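This report refers to the structure that appears directly beneath it.
In this document, chain identifiers A, B, C and D correspond to the written order of the chains, with residue numbering beginning at 1 in each.
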Amino acid sequence: MLIRLGYELQFEIPAKVSILAMLYVHPSRVPGLLEPDEMALDPALPIEDYTDSFGNRVARFTAPAGTLRLSGNTLIDDPGTTDPVKADAKEHPVEELPHGVLKFLLNSRYCEVDRLSATAAELFGWMTPGWGRVQAICDWVHNKVTFGYHHARPSKTALDVYTERVGVCRDYQHLAITFCRALNIPARYATGYLGDIGVPLRLPMDFSAWFEVYLDGQWWVFDARNNVPRLGRVLMAVGRDASDVAMTTSFGIANLTGFKVVSEEEAARI
Amino acid sequence: MLIRLGYELQFEIPAKVSILAMLYVHPSRVPGLLEPDEMALDPALPIEDYTDSFGNRVARFTAPAGTLRLSGNTLIDDPGTTDPVKADAKEHPVEELPHGVLKFLLNSRYCEVDRLSATAAELFGWMTPGWGRVQAICDWVHNKVTFGYHHARPSKTALDVYTERVGVCRDYQHLAITFCRALNIPARYATGYLGDIGVPLRLPMDFSAWFEVYLDGQWWVFDARNNVPRLGRVLMAVGRDASDVAMTTSFGIANLTGFKVVSEEEAARI
Amino acid sequence: MLIRLGYELQFEIPAKVSILAMLYVHPSRVPGLLEPDEMALDPALPIEDYTDSFGNRVARFTAPAGTLRLSGNTLIDDPGTTDPVKADAKEHPVEELPHGVLKFLLNSRYCEVDRLSATAAELFGWMTPGWGRVQAICDWVHNKVTFGYHHARPSKTALDVYTERVGVCRDYQHLAITFCRALNIPARYATGYLGDIGVPLRLPMDFSAWFEVYLDGQWWVFDARNNVPRLGRVLMAVGRDASDVAMTTSFGIANLTGFKVVSEEEAARI
Amino acid sequence: MLIRLGYELQFEIPAKVSILAMLYVHPSRVPGLLEPDEMALDPALPIEDYTDSFGNRVARFTAPAGTLRLSGNTLIDDPGTTDPVKADAKEHPVEELPHGVLKFLLNSRYCEVDRLSATAAELFGWMTPGWGRVQAICDWVHNKVTFGYHHARPSKTALDVYTERVGVCRDYQHLAITFCRALNIPARYATGYLGDIGVPLRLPMDFSAWFEVYLDGQWWVFDARNNVPRLGRVLMAVGRDASDVAMTTSFGIANLTGFKVVSEEEAARI
């Protein structure tokens, strides 16, 4: 399945400001790209790319005062399969985890493992470890939290989601991640393009957040917001939580005034 | 100046548990070591070392139920000078910062930059950027927060310190780090051995926390708790905040029942 | 000036629920009423009125499952003057305050005086006590907080407003009240109808929140949201914060599906 | 059973300060007093008493700079029975509650009903209403929270207790009160003298906090900290939470430097 991926963002910038953008397709998906994945700025500004400590490709630039347009467009050859499910995947005892995975057991800004560990133990501690327990966490969060765009706010944490029971996709994932970590299950936050539940893709694709869990020696996709296997998930970035992988991080004021994700299934070329 | 460094920790462990220990001398100080820096466990258990994404050397092992003793002892040749002060050190605009430094501008568990950015701007935003502004942040935190061991708690954040105005060394640093980051000044949390204010060292050395700030192309030590240049600071680990560099992190119950830091100036050997 | 006051609320109620409504004109304004101030329910249900410990008139009833309509309509003879300003009004030392006023110096759910007292002292502690200092608090809150309906949430406290700097009218008043109390200035939360800034009233009247401060032996209106003297303010209820004077408090689920405030200046009758 | 009750508090006061003290025996227990219940101040200062909106007797005075001693001493004829238990006491539906009881269903500073209502419903919503459910709440809190004096802090709320699972007596009651209110069970905070579990009293009596729940048309004592019926409980004050009934509230600095509760069973006089 070929998927065209793209975005157009517009900012009004009152004074020169440095910006990081995490809008590239993730390096792990680069082998499937059929077109280059470059970011265009208008006005044209030099972009420097680097790889952060989580392995994400980050674009970095400094924008002058005025209107800034950011866009990108590429084509990916996607397997066209829904998120894999391996119901018998095992949790690893901590001593078996690779070193680099351990950091995904710790506290982070929006995932206060320390404040929700007793609750996690009470709700899920008695369950058989493994895929089923992670799925139970997703089910709980999915069923207990009510979605609403007006419930978004930048400083909202997993504990806030636990007490308020309302949120947007990032909030669902933060709470589920926190529960996993409290049970010593490595979990990390992921952003990317999210497709539909069947072929052909009918839903408009959009940016979304999900999370990944380390079971059976690898990372698996879970999504406490949607909670059904989806097609056309294309990863952009992973990190400890939304702080690490914000679509854009500006070190000063940059007001988002336009936002469009332009993606859809593309007929295979002959 | 030769400094003997060491520690003895004791835990009571009810059931097998994986533990990370960040008690080694930091790799940056290894060239000064005159004796090997190894960790001893009693009972003897295999220890695996690794380097985390911040460059710290971490010990990793799994302890059985029972009493566990952890100890280490080494000797370091320390320059014997107090924390350097470079009053004319400049802040870098964000665009000049190395890629790897950028993560120390972001939110972390105990440093809610998002919730204290307006306050930081009001208190320090008008000041001339540079060393003096960072020192002003340290002065403010040092003068406004009252020290007390009974004010420690694991989940205490920079915002809590800002509102409660009481704390221990980690709390002072978390608040100062948060103010720095809110002003786009990279700041990271540091742990290690802390010595005295003059030679010969008379104060018993102890583990402590301080923080580092990136100015003029390098990291500098600041300490909002003590707020005077000190001697005999030997770094163990750096990270975004206390979550990243806990002395020990146990993935299960391990009750600390004994704790001794055994360090002192040692007469130079002939 | 004659003002017609009224409201129509509609709820969908899944199961029998007890409700308190604080929608009557406050007893202190009853002498000016030219028509009775009664609440009508559809379906018709028995309403019991009582006076709470703050002196507010509260309606109490139990609604069955189904649609519930609540409405009221009355006419008040309003002095037609803007909020009084007495720039030389004095703060009282605590020992002079009447007993009943002391509770408006304490913490309450949305006004965490304990967590903002250091900040209040730093921002306003140095100012000359009296009306001017209260006005300075209103100016600060008015200028620092950005209004937006989407920033409302039920659990938002003064500390949240202080850190997030966004909110709706209740949020402005909670922060200003908290600063006042921290300085030993009695302050209480008020709800009611809010009119325009001049005659004839052109703005549609609406429910709003403001606060009252005890100076010179009486309570005075302040409004950190609008921060200009207004006409046609008709008090409904006062309390420690929004918890005490919610328009309606339902002890179970009652989904608000319609809300209209129907008020306007009425031509004087001959 | 005759119980001698008394206290001695000492403060160091840097500058003139107004103080409220809630150390009298509660009016409901005055009929049992065999000696007058007066407060003595050294230096001798005029004390004004008043009754607050919760029905407590409050002492009010203004202390000059210097050392202040507060003491009281009285004798009460106590029934000598343990806290009554009525296992078949019923919860009232909200519509049956007296008006004055309704305020004990609402949010207060340390009891964030809004943030813990979902948790309360999940933990206890399925249980049969009545005494047994309130006892289940006490059991849960008693078993899940670990006591420790060093876990006390002035700004700690029920949500903090829920997440940290450590605390002192006030913390236990705040969490239990919050759960009750979330289930529409009126609950209020109480302070007073607390005796032993048997006769003769062997434990030194001390000030303590407990809470009261409205069942079967009256208020009943519950104590999530001790969670066994006790003897010699003598009420001093009731309120929404600890904010309303602090032993002393000073509107300025007053450092507590001495504190003794001097109470014991007294041999009956012939």
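Before moving on, here are some points about what is shown:
We adopt the following convention: a contact is a pair of C-beta atoms (placed from the backbone, for glycine too) under 8 Å apart; a residue touches a chain by one contact, two chains touch by 3 or more.
Predicted model, so just to flag it, every value in this text is computed and none were measured.
The greatest centre-to-centre gap from chain B, using C-alpha centroids, is found for C.
Annotation: the A-D interface is duplicated by B-C among the options C-D, B-C or A-B, judged by over half of the residue-numbered contact pairs being identical. Rounded to a multiple of 5, the C-alpha superposition of chain A onto chain B involves a rotation of 180 degrees. The distance from the centre of chain A to the centre of chain B, each centre being the mean of the chain's C-alpha atoms, comes to 31 Å.
Chain A and chain C have Cα centroids lying 42 Å from one another.
Between the Cα centres of chain B and chain C there is a gap of 48 Å. Contact of a single residue of chain A with at least two other chains is seen at positions 112, 115, 155, 163-164.
The touching residues of chain A, counted against chain B in their complex, run 18, 20, 50, 52-53, 58, 60, 62, 93-95, 99-100, 102-103, 105-112, 114-115, 154-155, 184, 243-244, 249, 251-252.
Chain C makes touch with chain B in their complex at residues 112, 115-116, 118-119, 144, 159, 162-165. For chain D in complex with chain B, the residues that touch the partner chain are 150-151, 153, 155, 163-164.
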